[in-house]
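Structures incoming, each one as structure tokens.
Okay, so subunit A shows up in both of these, paired with subunit B first and subunit C after.
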Partner chain A sequence: METVEMQTLAGVIDKKMNRQLKQYIDICARCAICKDACHQYVGTGDFKYLPARRAELIRQVYKKYFDKTGRFVPALYEARDPDDNLLDELYDSTYACTGCRRCMYYCPFSIDTAWILSVAKAVLIAAGRGNEMLGQLADAAIFKGDNVAMFEGVITSGFEEIAEEVRAITGNPDHGVPVNKQGADVLYVALAGAHSIRPAAVIFEEAGESWTISMFEAANYGYFYGDPEKARLITKRYIDEAVRLGVKEIVVPECGHAYRVAEFFYEAWSKEPMPFKVSHILEKVDDYIKTGRIKVDKGLIEGTVTYHDPCQLGRNGGKFEQPRDIVKAVTSNFVDLTPNRAEQWCCGGGGGIVAMEEFKDVRLKSGSKKVEQLKASGANILACPCENCRLQIEELNEIHELGMEIWQVIDLVVASMPLPGNKKSAGA
Partner chain B sequence: METYLWITSVWGVYLALAVFIIGMGWRIYEWATTPKSAVRLGMFPKPATKTGRFFKMLKDTFIAPHSAKIEPAMWVFAFAFHVAALGAFVGHGRLIAEFPILPELLGHDGMNAFAAMSGSIAGVLMLVGVLFWIGRRTFGPYKSLSVPEDYLLLFLLFGVIVMGDHMRFVYGDIIHADTYRAWFQSLLTFKPMFPEKLLSGNVGWSLGTHMLFTDLFLIYFPFSKLVHTIGSFSSNRVRSE
Partner chain C sequence: MSDETKIDLELDLKGLLCPLPMVRVSQNITNVPVDGVIRAVATDPGAMADIPAWAASTGHEVLSAGKEGDLFVFLVKRTK
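This part shows the complex of A and B:
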């Protein structure tokens, strides 16, 4: 690789530099306390997946180019160029990272390795080594945002089909899936696919919520890809829609990263405050149940139910109790996984890794802790909000023959509602 | 020996302190002048109030309860080392002035005996901690993750501690704090000199070597990962933002 090119790549780190990042780079003691926090390191034993090692690659380049002592005695820090060798390893360790931040939780200095890796992604993208799959998915989402008119017919007829199903479940001919409803209180931004819309629509309609559905999905591949500008544009699609419709609140689906992007990242990316609040759908559902706006029966679900905290919703989103309260409202047989809440093991499916075939091997191996936890719980039903988590755990469930049923939380809720068209119930 | 002492224990000390103070100042200046990330990097659970977050930061920094949970052995050694280092640091305060109150309670000899005991415990704990860290960095992922900086720091620290312990255990009964204090106060008043007692026996070699390692350690400190001594407060603060 040319020297100039390596200088440009190193320059990306400098451009992205901020106080937190600089401190993380300066203070890591390389104590490796983080090693057993990472499900990928624990599952594979592969050194490149040790959290501090992933960050070390960025540190080595930073030391070589921008740190006075590193430039003075590079050998002391193993400071080096961002050459092909380094980039090869960086690609693997960066795009494999699920961004669960379990390493940060246990680090004595709370070093956010995933945040350091967001810089690594910027370096990889500048080197033309960004993950192609994630990049394409992000571009497709942006294209859709720029050309809504092209997709509108297909999307709305899809909503109409779902509305039919909703009416069949609730038995109420007035129920539906409102779209483009000016002045609604809530804009629900779902995921692609009826499974994320139908149960939510049943719940909103039964609760008598003033809501409307977004033309866009909450999933954000620009965020996984590591390009804040793409990520911002993808989010902006539904932010603009919310402004146009004049809603008071955006509700994101069960998916974990969608919540984190909307609640924690978007304002920083766009540099402007949002004129409405962001809620997670399970906060809303918990509230509907507690205030009696929807009714759920405890007896309808058979078996023992446990709950997995998706990292972006739990440790990184702060929603530990509402989902549990919902599950406890629909069953008397609830057991928690050990450990849980902030210490919950990452399932191994986050950060866009389920979309990248090349990481399948490490992804499945990294599920070993989750499999142990699920087995130890003795539960036969898992309530699991995040779609990425569900895809991963469903695969683990099959490979390890756990014989579990994996449910979205809102599906469990709908199955527990005394509704005429509600034949399907969990555990039966 | 006198030349050695002048280099390591007079000019070396001045140089080391100057580099240390300026270096740490420069490091803090660099951090303070780099803009903060626009994205909030906090995680949960997160105390709701500012005071709550402040105390969580102190707890996370001084006790590191999460680290204790995931690697108890490492935590025990690291905690023992850091507490002993703090004890040793406070103990070295006797070089500047005799502590208040304690000597009156314990008497002159009692105070020296107390210092000998607490100093010995701290010295041994630090030695054990450093040996544990050195040992840990010789195998497996710990070795792979280590860079020369890690070994250099541990080597310097090992030198400081071994020579400190040497002075404590070999000369501890002959030479007490007041002798060292005479030398150290002469440094502080910029009229450096060595009391006869330090020049007459071999203890001067020990002091000189203790100071040689200390000087090098202090000079390197601001340019090493040991800036975690100050950085850990703000990085643990970010955890609750």
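This part shows the complex of A and C:
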């Protein structure tokens, strides 16, 4: 690699480094407490997945270019150029990371390795080494947003089919899936699949909510790819739509990163305040149950139910209790996983890793702690409000023959509602 | 068109949810020769927008996309 190219990549690091990040890379004592916190290191024993090591690669380049010690005596301070070897290492350690931030929770200095790896992704993208699949998924989402008229017919037709299913479940001919309803209170920003819309529609309609759906979805592979501009563009579609429709609140679905992007990142990316509230679907459902807007029956779900905290909703989003309250409201047989809440193990499926075939082996090995937890719980039903987590845990369930049913929380809620067309039952 | 088109690879994407149908097509596009065709069958309606959007943004071509019963069937041509 040419010297000038390496200087350019070092410049990317310099541009991204704020005082907090500089402190992180200076303060790491290499105590390696993070090794016992990282599901990937625990599951594989591979040094490159040690959180301190992942961050160390960025520190080495920073030392080489922007720190006197590393500039003048690079060998002594392990300072390195961002050459092809370093970028190879950086690619594996960065894109394999699920961004669960369990290492940060246990780090004595609360070093945010996932944040440091956002710098690493910027370097990799600048070097033309961003993950190709995540880039394609992000570009496809941007294309869909730019050409919504091209897809409006198939999307609307899908909504009409779901509306039929909703009416069949609730038995109410007035129920449906309102699309682009001006002046609705709530815009539900779903995922692309019917599974994300159908149960939410049943719940909204039964609760008598003033709601609507639009052509735009919540998933954001620009965020996983590591390009804030792509991520901003993807999110902007539904933010603009929410403004146009004049809603008071946007509600994001059971998708961990979608919640974090909408609630925590978009305003920072766009530098504009959102003129409405952002809620997670489970906050709404919890409220509907507690205020009696929907009726649930604990007798309709058979078996023992446990709950997995998706990292982006739980540890990184602070939503621990509402989902548990919902699950406890729909079953008398709830057992928690151990550990749980902020100490919950990452399942290994976040960060877009389920879409990256090259990390399949590490992904499945890194699920070992989750498998241990699920076995120890004795539960036969898992409620899990994150698409990526469910994809991972369903695969672990099959490989390790756990014999569990993996459910969205909102599906479990609908299964517990005494509705005339409710055929789906859990644990039966 | 499906009756006349030579299929180079069949992909069973039934049961996969967004974005996996698009991911599987993308992963397999280089497993057919240039001008070769993948026939992909999915059950997630999200694929009806996702796969054409992926093809358009990557420069490949969707020869047809439609519903056959409960299945969504795509013919995707590798163009490069």
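Note that the second predicted complex is superposed on the first by the 428 of 428 C-alpha atoms of A that agree within 3 Å, B and C clash if a C-alpha of one lies under 4 Å from a C-alpha of the other, contacts with A are read in each partner's own complex, and residues count from 1 in each chain.
Operating definition for what follows: a contact is a pair of C-beta atoms (placed from the backbone, for glycine too) under 8 Å apart; a residue touches a chain by one contact, two chains touch by 3 or more.
Only a predicted model underlies this, so the values are computations on that prediction, with no experimental measurement involved.
Superposition model on subunit A: subunit B and subunit C are shown accommodated side by side without a clash. Once the two complexes are laid over each other on the shared chain, residue contacts for A:R19 go to subunit B alone; subunit C is not touched.
Of the two partner chains, neither subunit B nor subunit C is touched by A:L187. By the touch criterion defined above, A:V261 reaches neither subunit B nor subunit C.
A simple residue count on subunit A separates subunit B from subunit C, and the partner touching more is B.
After overlaying the two complexes on the shared chain, residue contacts for A:I289 are found with neither subunit B nor subunit C. In the superposed model, A:Y77 lies in contact with subunit B only, and not with subunit C. Using C-alpha centres, the superposed arrangement gives subunit A a vertex angle toward subunit B and subunit C of 140 degrees, stated as a multiple of 10. Judged by the touch definition given at the top, the superposed model places A:A29 against subunit B, while subunit C stays out of reach.
Of the two partner chains, subunit B is the only one touched by A:G314; subunit C is not.
Between subunit B and subunit C, the minimal CA-CA distance in the chain A superposition rounds to 27 Å.
Of the residues of subunit A, not a single one touches subunit B in one of the two structures and subunit C in the other.
Taken in their complex, subunit B has these residues touching subunit A: 27, 30-32, 34-41, 43-46, 60-61, 64, 66-67, 69-71, 74, 78, 141-142, 144-150, 152, 223, 225, 227-228, 231-232, 234-236, 238-239. Within the complex formed with subunit A, the residues of subunit C that make contact are 17-20, 22-23, 26-27, 44-46, 48-50, 52-54, 56-58.
Interface residues of subunit A, counted against subunit C in their complex, comprise 133, 136-137, 139-144, 147, 150-151, 154-155, 158, 161, 191-195, 217, 219, 221, 354-355, 357, 387, 391.
For subunit A in complex with subunit B, the residues that touch the partner chain are 17-24, 26-33, 35-37, 47, 50, 52-53, 56, 68-69, 75-78, 101, 104-112, 115, 264-265, 268-269, 271, 314-318, 320, 341-343.
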